[in-house]
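We just call them A, B, C and D in the order they show up, numbering each chain from 1.
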Amino acid sequence: MIHPRQGHPISRAAKPRVVVVGAAGYAGAEAVGILLRHGGVALVGLFGSNRHAERAQRFDELFPRYRGWTDLAVRAATVEGILDAAPDAVLLATPHEASHDLAPTLRAKGIVVLDLSAAFRLRDPGAYPAHYGFAHGHTDALAGAVYGLAELNREAIAQADLIAVPGCYPTSVILAMSPIVRAGLLDGTPIIVDSTSGASGAGRTPALKSMLCEVSQQPYGVFSHRHEPEMIQEVGCDVVFTPHLGPYDRGILSTIHAQLRDGVSEQAVRSVLAQQYDHEPFVRVLDAGQWPTVAAVEGTNQCDIALAVDDRRRHLIVSTAIDNLVKGAAGQAVQCLNIRFGLPESWGLARHLSEGAREAALS
Amino acid sequence: MIHPRQGHPISRAAKPRVVVVGAAGYAGAEAVGILLRHGGVALVGLFGSNRHAERAQRFDELFPRYRGWTDLAVRAATVEGILDAAPDAVLLATPHEASHDLAPTLRAKGIVVLDLSAAFRLRDPGAYPAHYGFAHGHTDALAGAVYGLAELNREAIAQADLIAVPGCYPTSVILAMSPIVRAGLLDGTPIIVDSTSGASGAGRTPALKSMLCEVSQQPYGVFSHRHEPEMIQEVGCDVVFTPHLGPYDRGILSTIHAQLRDGVSEQAVRSVLAQQYDHEPFVRVLDAGQWPTVAAVEGTNQCDIALAVDDRRRHLIVSTAIDNLVKGAAGQAVQCLNIRFGLPESWGLARHLSEGAREAALS
Amino acid sequence: MIHPRQGHPISRAAKPRVVVVGAAGYAGAEAVGILLRHGGVALVGLFGSNRHAERAQRFDELFPRYRGWTDLAVRAATVEGILDAAPDAVLLATPHEASHDLAPTLRAKGIVVLDLSAAFRLRDPGAYPAHYGFAHGHTDALAGAVYGLAELNREAIAQADLIAVPGCYPTSVILAMSPIVRAGLLDGTPIIVDSTSGASGAGRTPALKSMLCEVSQQPYGVFSHRHEPEMIQEVGCDVVFTPHLGPYDRGILSTIHAQLRDGVSEQAVRSVLAQQYDHEPFVRVLDAGQWPTVAAVEGTNQCDIALAVDDRRRHLIVSTAIDNLVKGAAGQAVQCLNIRFGLPESWGLARHLSEGAREAALS
Amino acid sequence: MIHPRQGHPISRAAKPRVVVVGAAGYAGAEAVGILLRHGGVALVGLFGSNRHAERAQRFDELFPRYRGWTDLAVRAATVEGILDAAPDAVLLATPHEASHDLAPTLRAKGIVVLDLSAAFRLRDPGAYPAHYGFAHGHTDALAGAVYGLAELNREAIAQADLIAVPGCYPTSVILAMSPIVRAGLLDGTPIIVDSTSGASGAGRTPALKSMLCEVSQQPYGVFSHRHEPEMIQEVGCDVVFTPHLGPYDRGILSTIHAQLRDGVSEQAVRSVLAQQYDHEPFVRVLDAGQWPTVAAVEGTNQCDIALAVDDRRRHLIVSTAIDNLVKGAAGQAVQCLNIRFGLPESWGLARHLSEGAREAALS
């Protein structure tokens, strides 16, 4: 086992050994790409569903962008295979049911699990049948899981052995609204969230809805999206969440409506967010008059947050942007991994990645 | 002057003579394309801003799609030039200020004016300085203008001489919400509208924001979009409207949130819309579980409307899709033109266009 | 049976009855859309593969754009089912093997067959095993089939009972190059063709390569594309054809390189094309300095052709654009159908469609 | 002056001071982004055209993606301003004429100049009036300039003081074809190149052709593109080059046709490329059957090269992909900068960037 260290350069021998399961999907592959750039971890195994694993296809054949980066193959995901790789940590970019089954088994072997599915996100096990279609059989593991939203939960993550990495839509909402709700600035009526996601959010399995000729701006999952209970749980108030699909590759833009309590000013909202995020490398609260765009965060681990208040109606509009595959999935997972293993939190994550490494190298 | 006739085939001699001003912009060019397919009108002149008019550039050079359809040039828009074309009707796809100045002059000559700008949409002249930056100098004309939303205002349009064709965003909201508000189904709190438009909504004048490399999902005009007062006026209740830009060419998707009065069911909402639209060729109210897409209305004069109700919260979500250049601008204008001149209402407008003509031809 | 008539308005009773097989694919659905707008034919049945037919899904559920245009369902394609619809003509938008089997059966019943596959395009039956993977078992039918490129083969099409509608890439090449080769302007070295097609060319069956997140500019089928022998056959000289995929929905752009014989000028090439196409409604030869774009032909049955000559090298560059689903498939098929049944050739095909109908109606 | 060092970690004091001129354009901004991630250089000044400089706008306002990365403003590009920043090296991402004037002045002050324009690329000064519209007034500087294609010219670049960074299209052609021509494998007839570029190649100045609603697959600059003489000069044989615009953001795909000499096999071509590139980090020669895509190189400094030979016709097809803003402009410039200043060649350039730094940090 690796012991957490805080920000010290680590020796090569001590690099945590990491396995990615679900490496043939978009989120898993994004994690592989980040870990290949990371430098502070050893990527020791890639696993996927049987569809890809039968052929033990090389990762860089599945994703030609990474030709020459790695010669790892994506093998069939079996417990034995994973254990053979002797990982310190496993990233599960797998369906909810697969994560539900796999995580406790890996935990029992002392492996740190970072799960990108929803299998360990909802605190109430009774919510699973209705929202995810299966009864939760690992309530102990669920009770011990830590919600992996790094900026809001850093200390717990540093000690956690099972980290439930947040969903993409929830990340885009919770980062902005949780501090505002906790500060008591809202009037208690439901928050209304209209989000638009690029097509990568639907995954890499071929489907009519994801074809270039079919993707078109549209709502879906109205009053029934699985992410709504996760938002309600973590934001701390009722949320009416409507996801939309947009005709582009990556990125989520969320526009959020809330009613302020009497007397709460825009400045009060800004103060709460400033206090929370002024020193965070991955959250940028924009100045008044500026609004986020998907383009500005694409391919990065950033969350951009902007807001305005209409005083007459006490109506608060908050808009946020993230890359659904990075801050909304793989980047967030690596951020949690870094926290958990005492590595500089931004390693592997775009520009900020190698600040620490580089500083050491150049001094 | 042409006298309105109701649905009778018209003789060639009686074809209304139509001029388009602003033919070098997207909405104006769309109108030209529709009128070239129309068959029941004579397109007798195209005018544009001086930028294009100096060169008297051919329309089909500006829009190569129409090569071979017409040899009309886009000439400098002067009152004299327009009058020389001896039009029965003029479509103004011009900036608000230009329409404001031009419409009364043309009206004084007995010409029917269909204005695609906002210059004659707001009933309150006092609203213009705040929202459009100019004082309204033609309050008589404004008072006589008819709001050109064909499905809701057909009888007045048939008699109107100055028709204020609705804005693209307002069309996508008013068609759905005006009948619901008029039926008294809502609780009186503001309606919340999040709309996304393709880049053609920003016009054809080159601008950084409209470049392929720059367009990205994002909100804009938060709490300050000019279309909000138009929506409030026509829907009949308060509206919090937030437009967004999406990375695509054409089409608006609007997602609308409203609070129902106690005891109002989804069925009640559906009944109101069914009663309003069951016999309308250009409005489709989708079955429960179906939701609109921009793709399904692109290039057509259709408005698709879908809805769902969350009974627990009495929360109504309505989602609509239109093509911003057709039902949101040029198609709507031609629909009004047809109504005003007694032509079959769907002539020129996609599939429905030539039903009448064809029936006659084939009988 | 319907007898060909040349351009006369037809009585409603005499409308040819048309069936589309393969109506759940992009080309088949495009044909349905065109026929629904057509007015001069009766669309009497839609058939598809078992995948869709099991559910007998309504066409307008598969393609929501057409909601309200038709209530026809897409049924399982059986010979009995097709015959029950009593068609005068059947459009086969089916895989090569399915067309190969179905066409002769339908012909034996006196039905005119328009086949959008390659099953009856190559005159040499011996070419099928190598290029299409099956031995041709209907060589008589093959010998009697007419290549359905309307502009070059109009008279034969008017008499044909089995029309092999050209492929999309071949159409974009043959229309431009066949007249030039026949006029003896080239030096006999191979023509080099680099074409780019939008993603609809790969069909509607979900596949990784067609997903929005995967489509990217790239060559494919290098030295092995099935369309090369068809081009060689119809152009009349050797062709090196390299297709590419582009990140867009519809349209093919072909850039073609050829060596002129000594002394052949650009003007000579222009004269040949002018003579061939000056009176054709669906082919536009652009002026010097103008070049085609996919946007200018998207959704239309047009083929735009442009060219330039570098005299020093005697190098001719020709560039063409078509919509792969219209002039490259369904539009071309309807054009042939119109010719075969004596309907005005442009009926159903965009603007030109209803000229005849409208003229009749308005006179 | 900085003395070249080969691969040693450098002390902070010794970091080369770098200025970017043209930082408000796409290529200049890409260079800024790379240099901000670089770690081994000090970015000491940004300059732009007067349009942006009048407002001394912050770089991260012009490009919100970089919010929080830098607080540098883009100032008016004057010689005095640039000299005030005391740079060791200046990257000129400026128009040809501006580079032509500026480079010699900066050179006279002992500053290393990396010019991304064509002002110092053509060895024959007499070629400038015809191809670039100005007479070259600095023939001495031109004679001393080194063509900055790193893989083919590394040793000269290491000693150069004026580096003419290649054009985007030429890079995509020369990397593949120069070794093949030098090895004498071709028959001497012209190479035919059809390239497609994303819209960023046209720059960031608003223009109709670059608007999202206008960009469409199309050829342009037929027989007249400025890059043709550069290709001919560096490839070493005649080139017929036809650029195309594609409806996407970044990346160039080039498909290249050449005639092999009798008896030259595909294997012979592969051997030449393998010998040239097997140890290069930024060039990947793909296995037989694999073809490049723009997606696989987007945002990277990679050039992917694939090829096939049709033995019967002795026809060689080579296809290459690069990111036009990275390997085709800013990345190539930084690669040259690294070579010139003795930094590890891959620093700042994606994954490879921080290998050196990281190795040092982790050891």
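Operating definition for what follows: a residue touches a chain if its C-beta (ideal position, glycine included) is under 8 Å from a C-beta of that chain, and two chains touch if they have at least 3 such contacts.
In this text, all values refer to a predicted model and were calculated from it rather than measured experimentally.
Novice: Comparing the two chain pairs, does B-C have more C-beta contacts than C-D, or is it the other way round?
Specialist: Here the pair linked by more C-beta pairs in contact is C-D.
Novice: Work out the mean Cα position per chain and let me know which chain is farthest from subunit A.
Specialist: Farthest chain from subunit A, going by C-alpha centroids: C.
Novice: Any idea how many Å lie between the Cα centroids of subunit B and subunit D?
Specialist: Chain centres of subunit B and subunit D, defined by C-alpha means, are spaced 47 Å apart.
Novice: On a C-alpha centroid basis, what's the spacing between subunit C and subunit D, in Å?
Specialist: Chain centres of subunit C and subunit D, defined by C-alpha means, are spaced 42 Å apart.
Novice: Nearest whole angstrom, what separates the Cα centre of subunit B from the Cα centre of subunit C?
Specialist: 35
Novice: For subunit D, write out the residues touching at least two other chains, lowest number first.
Specialist: Only 247-248, 293, 295-296, 298 qualify.
Novice: For the complex, which residues does subunit A have touching subunit D?
Specialist: 9-12, 15, 36-37, 39-40, 64-65, 67-69, 284, 286, 290, 293, 295-300, 304, 350-351, 353-354, 356-363
Novice: Quick one: in the complex, what on subunit C touches subunit A?
Specialist: 26, 198-200, 204, 206-208, 210-213, 215, 247-250
Novice: In their complex, what parts of subunit D are in touch with subunit C?
Specialist: Residues 190, 192, 194, 196, 214, 216-220, 222-223, 238, 240, 242, 244, 246-248, 251, 253, 255, 257, 291-296, 298, 308, 310, 313, 315, 317, 319, 321 of subunit D touch subunit C in their complex.
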